[in-house]
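Pasting the structures here.
You will see two complexes here that share subunit A, one where it goes with subunit B and one where it goes with subunit C.
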Partner chain A sequence: MNAIVSIARTTFAEAIRRKVLFIIFLIGVTFLAVAPGLNVLSARQERTVLVGFTLGVIQLTSALIAIVLTVYLIPNEIERRTIYTILCKPVRRWQFFVGKYLGAVTALGVMMAAMTVLLIIVFALQQGTRDPAQLAPLAKGPLMFFFQMSLLAAVAMCLSAMVQPILNFFLTGGIYLVGTLFGTIFETFQENRGVHPVTKAISQLVMSILPNFGKFNVQNPLINPNQQIGNESMYYIGTALYGVVYIIILLLIGILVFERKEV
Partner chain B sequence: MKKSRSSIVAAVIGLFVVQAGLGLALQPIWAKNYMPKQKGVAAGLNPDQLLAALAGFREMVAGILWVRADSFFENGNYDAILPIIRIVTLLDPHQLDVYATGMWHIGYNFTDLQQRSDRRYLPSAIALGSEGAKNNPDTYEMFFETGWIWHHKIEDGYDRAVKWWDEANTKKDILPARRNLLASAYIRNGQIEKAMDYYAGLLAEANKRVADKTDTDPMSSSMRDTIERNLDNHMIRMSQRGWMAKTKGHGPIPYDTEPPFDVGFSVKVTVTDAKKLEFEGTWNVLPVGTRIRVILRDADYPHAIAGGVDWDGDAESVNLDPPTNTTYMQDQLYVRNRRFTKKIDMSADPTMYPFNKDKYLLEFYYSPRNAPPHIQDKFSWDGQGLTDKNFLNTEIRPGVRVIYTSFEISRDEILRRGEWADKAPVRMTSNFKKQGLNAIGSDVINSESLRSSTSAPKPAPTGPPPGMVPPSRPSGPVAPGSN
Partner chain C sequence: MCVTFSTTVHLRAPNSLPLVFGLSQRDDRYNHAAIPLGGLRLGAAISIKNLTKTYTLRSGVKSNAVDGIDLEVQEGEIFGFLGPNGAGKTTTIKMLLNIIEPTSGEATIFGHELDDMTVHKIISYLPEKPYYYEHMTGMEILRFYASLFSIKDEEKCEGLLKKVNLYNDREKPIAQYSKGMQQRIGLAQSLLNDPKLLFLDEPTGGLDPIAHKEIRDLILQFRDEGKTVFISSHELSDVERICDRVAIIKKGKIAAQGKLEDLLQGGRIEVTASDVSESVASTFRSSLSDGIVSWNGGRLIVDVPDSVDQNSIIDTIRSSGGLIQSIIPRRKRLEDLFVETVSDDRPVQNVGGAS
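Let's turn to the complex of A and B:
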């Protein structure tokens, strides 16, 4: 356990010092800071546009950070040969793999938390409110995004044990895009009577296998607060559990591959 | 090591099953509350908007598009708003404002130069409302708005208004003032006693709110008074209009609705020019407030019923391009001093009135259900106090005595082509008698009470009370071109 924590701590320290991540983070923060300027585009829709835009910025920035951070984690260690100095100590490969992942996710979480705080400050300033009952729910979106991005990081980690970083970058990005959109496509197939039952069955199979990132996109009720959602907490818990289970699956697959990988 | 690997593979397979089960269990909740309706969205967005929507900014794109629609409203560019409404509601199916405004816009704002709305859009307005209600089932708003279209715009099929408002009433967030309207829908739907019971229930609740010391709403007291006044009025009307006596099985008592009054409807329609119609006719009711519905439509208009259309018939999906080959015109003839005249010009709106079919139907329809209270005091809600020697109809709206007649008219006649190029086609009821402006003295509106003149029992059931003109020769519609 100590080995995992040590590796995670080192990975976290490295991650927050990486310039490329810091630049992505800064771009995200800049967009968040200028978000109230979108007022000129949004007469009578200020709240919708502000919350929609800021949550979108957090999601996009976090996705970029998650992918860029994790696709290079293992390959960099191999390329710089630092992995040998670690693995020659009493550290198992799986401990190294999990420690790396946890360190990356912690760094991701810290950056997302910072952006969430900024989102709440920007919203409070623009809407002129300090009411915690209005401000606190805004954090629900980024919280679910955190699970989403942790899952995305796990996809990238798993693939990083198998493919080159550049290929991994596009592969992970593609899986993210498909995983975000497939829920809607699946529903369209299910609702449409004209779709062939075989197509429906295949979509059901894909739906069962593919990580469904769309499930974590819960920003709509935050943007339209007049919505009444039944069992919201249960949905959040269920979705978080889904994310954690999928992350464990991906890490286990990654470990299986990494154990046999020649380094 | 081999054993350990097998255990991990087994664990992965087991966890895969768990995540698949979890994912599929969560899917319906996600689809109901969080999913965009992306069918057709891609077709309506610019590439940059589509990219932004896919990148997690769909609500923002929807918001900005809706702001753009605002400028189209100001410029009167109503056609441009339609696709925006569709895209915004697909991108963000929980924007109630867009659904509600979109419904109103589609239902009311597409008009001809004489401000008659294009009712061919009504199925789309209803479908948009239904979709909004389906996507937002926990709030009353779209249920209320859809009911409002039936109650206020369509003014027919009140059972649909009752259905939607009944559903709206089950939502926790419905405003108290809006709950009152359900009683109005009950009344127009002929559920008179149910309206009374409903008012009584509302009053009991309002009394409870007023008595509740913790209730801080300053409107509670005035709301209670309003409900009480409405209930009182309704009960007085039930009594004076003979409803209570009728339902309790009492004999013929000279209530305000007895004897039935003959409205003496007659009409003459002249096609003065291509797509221009002139109406004149009689209606022996002196008090102001009578509106007779006039319809000119394709003889085979989809889902047409006598005196209207079953607008639910085509309201399955939102179709923002109504069939451009159909014609449907509906207007009101306002009665003043027992007669009406109106000129309807459809020649400047070929898109709204294409007249592509060969045969058309001209309909005249009057229902006491839509009449103002001072006229209902004589006719009652179901027309017990209403009759007409020629055009009383008790079949087209079961349970209601309405006035109805219709004429067939051909495309050539409406367009003044062929043999009608030099001859004005005319349709008229055989009891029509030309009345000049001075037939009753002047064009000043006289307002005389129907009730005061009929309160005493009359020996003859159709005898006209003082101030009312006896109907002309009895007969039905006259054959085409008889003028």
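Let's turn to the complex of A and C:
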């Protein structure tokens, strides 16, 4: 356990100092800061535009950070030979793998938390409210995004044990896109009788294998308070558990491959 | 952990005082035999039998990076593992560290199988040009590596920083460390668990002469402390100065191994003379098969193995009216051995035995 915590702590410290991640984070923060000015572009309600835009910025920025941060975690350690100084100590490969993942997710969480705080400040200033009842629910979106991004990071970690970083970047990005959008496409296929059964079967297979990232998108009720999720707490807990189970499966696959990887 | 002690008495080098007196007066220009624990020679630190690592290339062809090597490194000695680039040195070390799996063969460290976690508590590794997390200070690096052993001993970390002469720089980030300082912090982290066996991969590579000497002195200090050191290096002069035994690996096979004093037997003698006729040079060329004879305007240089009768060469030169200018004996250097071992197609040889 000591080894996992130490490796996670070091990975976190390295991650928050990586310039490329800081730049992505800074771009996200800049967009969040200028968000109140965007209401002039839309005739829709100020609140709808602001919440929709800022949550979109947090999601996109976090996804980029999650992928860029994770695809290089293991390859960098191998290239710089740091991994040898660690694995020759009484550290198991799975401990190294899990430690790296936990460190990355912690760094991701800290950056997302900072963006969430900024989102709430921007919203409070623009709406002129300090009412916690209005402000606190805004954190639900980023909270679910955090589970989504942790899952995305697990996909990248798992693949990093198998493929080169550049390929991993595009693969993980592709899986995220498909996993986010495919839920809607799948439902359309299932409901539409005109769709060929083979297409339906393939879409069913894709849905069974790929994580459904769309599950974590809870923007709609936040953007439009009239829309509510039935049994909200259960939905959040269930979705979070779905994410955690998927993360564990992906990490186990990654560890199995990494255990046999010649570094 | 179980270590078998043998009672073989190992003769002490004449210029080395017993360690039990807490003194070690030695000149590191010369090679010294390993004398841990009052002169008693201990068991095998590393034992390798027929170790092979085969890779399948993209073309489908199988290639042996390491090809059935046999090695034995005794406890308390400094063992040099030499070879040209791509010969299989690092692959061998990685197999011993259980970072990669051998295709076949056997290897043990202090009698333990390589996948036994006990081994990782008593060994250490300093890779070639490693990267240490640059945001960390020297002290933080040691704390990090110490935590991997569940060691929470600030005094130990500070003591090691003093030992490698980095105590005053302990709060500087690694990014500000010079190459030599990074190598020293590497050595400090490799000593955290007080290892019985250290693997050092190019420990002095790319360092300036001062840093070079500092690292070399530290390695000699490790031997004084009874540690076994396995060095892979291209710095042959260092290896010659500090190693007790060496092995030269070539294309995955051991091409030579043994005690340095045995391997380096057979020096050469260079006889230089003036006023010598070219016919005398031709005579030497035809009679000295192992000799290198050069003649230019009456000046003759004959370079022969020291086993050749020098008197007959001198007599021949004198009787022809030549004048002897100098007779210089040249000790065989490790560099000579290395070059002749890796550059020709000699089969495996075992000089001085495996241990």
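Just so it is clear, the second predicted complex is superposed on the first by the 259 of 263 C-alpha atoms of A that agree within 3 Å, B and C clash if a C-alpha of one lies under 4 Å from a C-alpha of the other, contacts with A are read in each partner's own complex, and residues count from 1 in each chain.
The rule we apply is simple: a residue touches a chain if its C-beta (ideal position, glycine included) is under 8 Å from a C-beta of that chain, and two chains touch if they have at least 3 such contacts.
Note that the coordinates shown come from a computational prediction; the quantities given were computed from them, not determined experimentally.
Enquirer: Label the relationship between subunit B and subunit C on subunit A in the superposed model as either fit or clash.
Expert: With subunit A as the common anchor, subunit B and subunit C both fit in the superposed model.
Enquirer: Is A:Asn231 contacted by the first partner subunit B, the second partner subunit C, both or neither?
Expert: Touch status of A:Asn231: first partner only.
Enquirer: More subunit A residues touched by subunit B or by subunit C?
Expert: Between subunit B and subunit C, the winner on subunit A residue contacts is B.
Enquirer: A:Ile209 contacts which: subunit B (first), subunit C (second), both, neither?
Expert: first
Enquirer: Figure out whether A:Thr82 sits in contact with subunit B (first) or subunit C (second), or with both, or with neither.
Expert: Touch partner of A:Thr82: subunit C, not subunit B.
Enquirer: Can A:Tyr246 be said to touch subunit B (first), subunit C (second), both, or neither?
Expert: First partner only, subunit B.
Enquirer: Does the superposition put A:Glu187 against subunit B (first), subunit C (second), both, or neither?
Expert: Touch status of A:Glu187: first partner only.
Enquirer: Could you state the shortest Cα distance, in Å, between subunit B and subunit C after the structures are superposed?
Expert: Once the two complexes are overlaid, subunit B and subunit C approach no closer than 10 Å between C-alpha atoms.
Enquirer: Could you list which residues of subunit A make contact with subunit B in one structure and with subunit C in the other?
Expert: none
Enquirer: Considering the complex alone, what residue numbers of subunit C touch subunit A?
Expert: Contact set of subunit C toward subunit A: 94, 97, 99-101, 117, 120-121, 123-133, 135-136, 144-145, 147-150, 186, 189-190, 193, 199.
Enquirer: With touch defined as at the start, can you tell me which subunit B residues reach subunit A in the complex?
Expert: 5, 8-9, 11-12, 15-16, 18-20, 22-27, 29-31, 33-36, 38-39, 52, 54-64, 66-67, 70, 92, 94-96, 136, 138-139, 172-173
Enquirer: Help me check something: in the complex, which residues belonging to subunit A touch subunit B?
Expert: Residues of subunit A touching subunit B: 41-45, 48-49, 51-53, 55-56, 59-60, 177, 180-181, 183-184, 186-188, 204, 207-209, 212, 214-215, 217-221, 223-224, 226-231, 235, 238-239, 241-242, 245-246, 248-249, 252-253, 255-256, 259.
Enquirer: Where on subunit A does subunit C make contact in their complex?
Expert: These residues of subunit A touch subunit C: 2-3, 5-6, 10, 13-14, 17, 80-82, 84-92, 262-263.
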